Amino acid sequence: RSGKMAKSTQLIDNEVFQAYATYTAIVLLKMMLMSLVTAYFRITRKAFVNPEDTASFGKGESAKKYLRTDPDVERVRRGHLNDLENIVPFVGIGLLYALSGPDLSTALLHFRIFAGARIMHTFAYLIPLPQPSRGLSWAAGYAVTFSMAYKVLKTVLFL
Amino acid sequence: RSGKMAKSTQLIDNEVFQAYATYTAIVLLKMMLMSLVTAYFRITRKAFVNPEDTASFGKGESAKKYLRTDPDVERVRRGHLNDLENIVPFVGIGLLYALSGPDLSTALLHFRIFAGARIMHTFAYLIPLPQPSRGLSWAAGYAVTFSMAYKVLKTVLFL
Amino acid sequence: RSGKMAKSTQLIDNEVFQAYATYTAIVLLKMMLMSLVTAYFRITRKAFVNPEDTASFGKGESAKKYLRTDPDVERVRRGHLNDLENIVPFVGIGLLYALSGPDLSTALLHFRIFAGARIMHTFAYLIPLPQPSRGLSWAAGYAVTFSMAYKVLKTVLFL
């Protein structure tokens, strides 16, 4: 028993992996938050896409008018999709990077910049802030993920 | 050799990790199924988005009329995107959770509720069932993922 | 110290895992490239979606005309979403597959077909090539992911 359990906890005892786990949980929770923000805007703006979602507003034309797009809802949805497009590569490449034996301080720098950049990106998208706020925060997260991918490929390349 | 191979199989010999692997494979296969359902509705409803996909229906106007949106196709696509938004956090956070040393029974409870909730969500979306069926199944998967993230951050927090 | 470091590098010393890491980094980088292609088409076609992105083109009506959809931009975005829908299952199921102890040659065959299929899919989508180019490259990646999921479930099934 102890042998098996020990194995399963050793990865999680590695400090670089702990940092990866922490920042991955944070950025995934931040991405999940976008669902709640979408729901909030759908309800307050009364802008739905599925007929069954407007049933509580009555039947027929009175409910149908709530089946519409709203600029605020669409903005959150674009932010959510942008999260998916950027956080998925971070989670996948970040895991391989954490296993590739980087220095703890270098790894922390990568993870912190990425998490900070994505939180900035969300504020820049939702407020919205004037460009290039959103562009730069997107680029920072992108560059950090690219840098981790480079380290992974340099360490393990096996084609 | 045996040392290296042993290491690589030890993670997979852990029961919590086996459960994670099983439920992750199931929900990812379920998500992949959405592509087939989309293709089915595109073909039966004759509703395509790429001009090259309608070439077999002839040229010019006769093919162009099939470049249109269809409510059934759009419904499946929304279900597919909702899967991506919710299954990605489950796969990422679930992996870290499985490595954080939870009780097997607690882990199984989390994984089973998530998989059941996402399968329910798909039926609720595609049939469609009246609300709050879809809302509740979405919320159950969301809550379970949040609970796993809490356990991960409590175990490994390294900022 | 050496004990802990050794553990963290053992997974990465496994050749199947090295191959998984290599091909996962490649397909995730390919997916990330879609963001740059989208930005390229948005700028050259002057087709934006966020008002704050057109501020450099002046104010009022002169900028508003660039808030529009463009067929090339939409095409790249569809390719990007298709990547997400297919590369996410590959990354998740591929990790479990790599840990399930497959033969190196079998694993390499799976990873190479997937990466090749997704690169083909991108060319077929963006050029675009006549069907069934895009359909077949999509199906090849899908089949390979399905095959890995089958191996995972056969090895670890724990419901």
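Order of writing sets the chain letters: A, B and C. Residues in each chain are counted from 1.
Note that in this section a residue touches a chain if its C-beta (ideal position, glycine included) is under 8 Å from a C-beta of that chain, and two chains touch if they have at least 3 such contacts.
Each chain and its UniProt protein: A, B, C = Microsomal glutathione S-transferase 1.
Everything numeric here is computed off the predicted structure, so don't read it as measured data.
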Chain contact topology (line, ring, star, complete or other): complete
Shared interface numbering between chain C and chain B [over half = same, under half = different]: different
Chain B-chain C separation of Cα centroids, rounded to whole Å: 16
Interface hub residues of chain A, defined as touching at least two other chains: 11, 17, 81, 84, 88, 95
Contact footprint of chain C on chain B as seen in their complex: 4-5, 7-9, 11-12, 15, 17-19, 21-22, 24-26, 28-29, 31-32, 34-35, 49-50, 52-53, 55-56, 80-81, 84, 87-88, 91, 95
Chain B contact footprint on chain C (complex, rising order): 10-11, 13-14, 16-17, 75, 78, 81, 84-86, 88-89, 92-93, 95-96, 99-101, 128-131, 134, 138, 142, 145-146, 149, 152-153, 155-159
